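The chains carry the letters A, B, C, D, E and F, assigned in the order they are written, with residues numbered from 1 in each.
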Amino acid sequence: MNEITLIPNNSLITETPEEGRKLAVHIARLIIKLTQPDEEKRKEQREIYANDPMMLIAIGQTVATEFATIAAANNYWQ
Amino acid sequence: MNEITLIPNNSLITETPEEGRKLAVHIARLIIKLTQPDEEKRKEQREIYANDPMMLIAIGQTVATEFATIAAANNYWQ
Amino acid sequence: MNEITLIPNNSLITETPEEGRKLAVHIARLIIKLTQPDEEKRKEQREIYANDPMMLIAIGQTVATEFATIAAANNYWQ
Amino acid sequence: MNEITLIPNNSLITETPEEGRKLAVHIARLIIKLTQPDEEKRKEQREIYANDPMMLIAIGQTVATEFATIAAANNYWQ
Amino acid sequence: MNEITLIPNNSLITETPEEGRKLAVHIARLIIKLTQPDEEKRKEQREIYANDPMMLIAIGQTVATEFATIAAANNYWQ
Amino acid sequence: MNEITLIPNNSLITETPEEGRKLAVHIARLIIKLTQPDEEKRKEQREIYANDPMMLIAIGQTVATEFATIAAANNYWQ
């Protein structure tokens, strides 16, 4: 496994739901970066994602799952 | 990451299940907006979604996952 | 977002598991209705769903996720 | 919604994990029955499912999600 | 439903995470066996699975969901 | 089932979220290794994964599900 950081700041705790949501997006993207380390290829792939409705929905599904974990970790910011 | 709001009002707490459900739909759509910021392209994609049964089911799956988190955050509005 | 009701009776609480399951199916369908408001098109899509094994399985997946939330909300009707 | 029973015995509680697993399979199949009420067509679809590796995996995914709910409802039969 | 055992030893409890993971794989495979009881056909399907990257990922998704349940049942072996 | 280790160190407990995330990636990959034990074929498949946007998203989905379990096991490293 190449050595990129997978969890920024090594913590799931955020101050707000908004920051938690950004973290969910971020850690989802870092798994893609881990699997496809080539920056140039990822840039091409982003173009594909952004223009494919089914892929956009699938990205949403992944972020939703990551966010569920982060929200629970933060006790839903209550 | 471009600077759009991902969690409206920066809170998962809503007064009712109905509002929680709307929030689930909303935050799911904001991930699509984040990934495809072009309003015109998203409008075209919505036309594709709305007429593709499999995509409609997949949207339902994503909303269900987001709603699970929001419902838990609100202790199921009990 | 057009103004259809997304959570009937604005509650996740049901008297029985059977009613909870029906609610899960109902709220899953309302997301499809929200995304494709045209009654006639939805009717055509239902014909497609009902005859496509993979779509039937995917519908089952979505209902399962919705039901998990409703079951938790009702403390599993214990 | 046509009037088939969606939760046999109107309960998620089972005596054993084995029975809970059978219930998970059963309620997953009942959603398919609800969506495609025609017995003959479902029989044809089962032939398709059983011979399509991806569909078999997807069925497994749905059963896993249903089982998670039933297992939680039974406090994991502890 | 034909009479194969779906939960070996009729229990989700295992001594270790490793055994819990094996159980997750096992119960996922038993759903496939239930749906496709023909040993010869399943053998052919395994050949297809093992050589299709998307199917391998989907198998991983199913095992992950089963494992979540088993891990919770064992209180994460703490 | 061939005898590879499925849970390294036979534990879901990690010191940090970063290590927990690596474990999530690792155990997801071990299921692929279990299903496709041929090192050479897996290497070819990785090339396919890394260049297919939809597969990359699906890998992210699987890792998210594994991570949810590991994060819960570690009480979210609080």
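By our rule, a residue touches a chain if its C-beta (ideal position, glycine included) is under 8 Å from a C-beta of that chain, and two chains touch if they have at least 3 such contacts.
Note that the coordinates shown come from a computational prediction; the quantities given were computed from them, not determined experimentally.
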(message) So if I look at the partners of chain B and the partners of chain E, which chains show up in both lists?
(response) none
(request) Figure out the least number of contact steps between chain B and chain F, where 1 means they touch directly. (result) 2
(message) Fitting on CA atoms only, what is the rotation between the copies chain A and chain B? Please report it in degrees, nearest 5.
(response) 60
(request) Compute the centre of every chain as the mean of its C-alpha atoms, then state which one is farthest from the centre of chain F. (result) C
(request) Among all other chains, pick the one whose mean CA position is farthest from the mean CA position of chain D. (result) A
(request) Please compute the C-alpha centroid of chain D, do the same for chain F, then give the distance between them in whole Å. (result) 27
(request) Find the geometric centre of each of chain A and chain D from their Cα atoms only, then give the gap between the two centres in Å, rounded to an integer. (result) 32
(request) Could you check chain E for residues that touch two or more other chains and list them? (result) 49, 54, 58-59, 61, 65, 68, 72
(message) Building nodes from the protein chains and edges from chain pairs that touch, which of line, ring, star, complete or other describes the result?
(response) ring
(request) From chain C, heading first to chain D, list each chain in turn around the ring. (result) C, D, E, F, A, B
(request) Over in the complex, which chain B residues touch chain C? Could you list them? (result) 16-18, 20-22, 25-26, 49-51, 53-54, 56-61, 63-65, 67-68, 71-72, 76-78
(request) Spell out the part of chain F that touches chain E in their complex, as residue ranges. (result) 1, 5-7, 10-13, 27-28, 31-32, 34-36, 41, 45, 48-49, 52, 54-55, 58-59, 61-62, 65-66, 68-69, 72-73
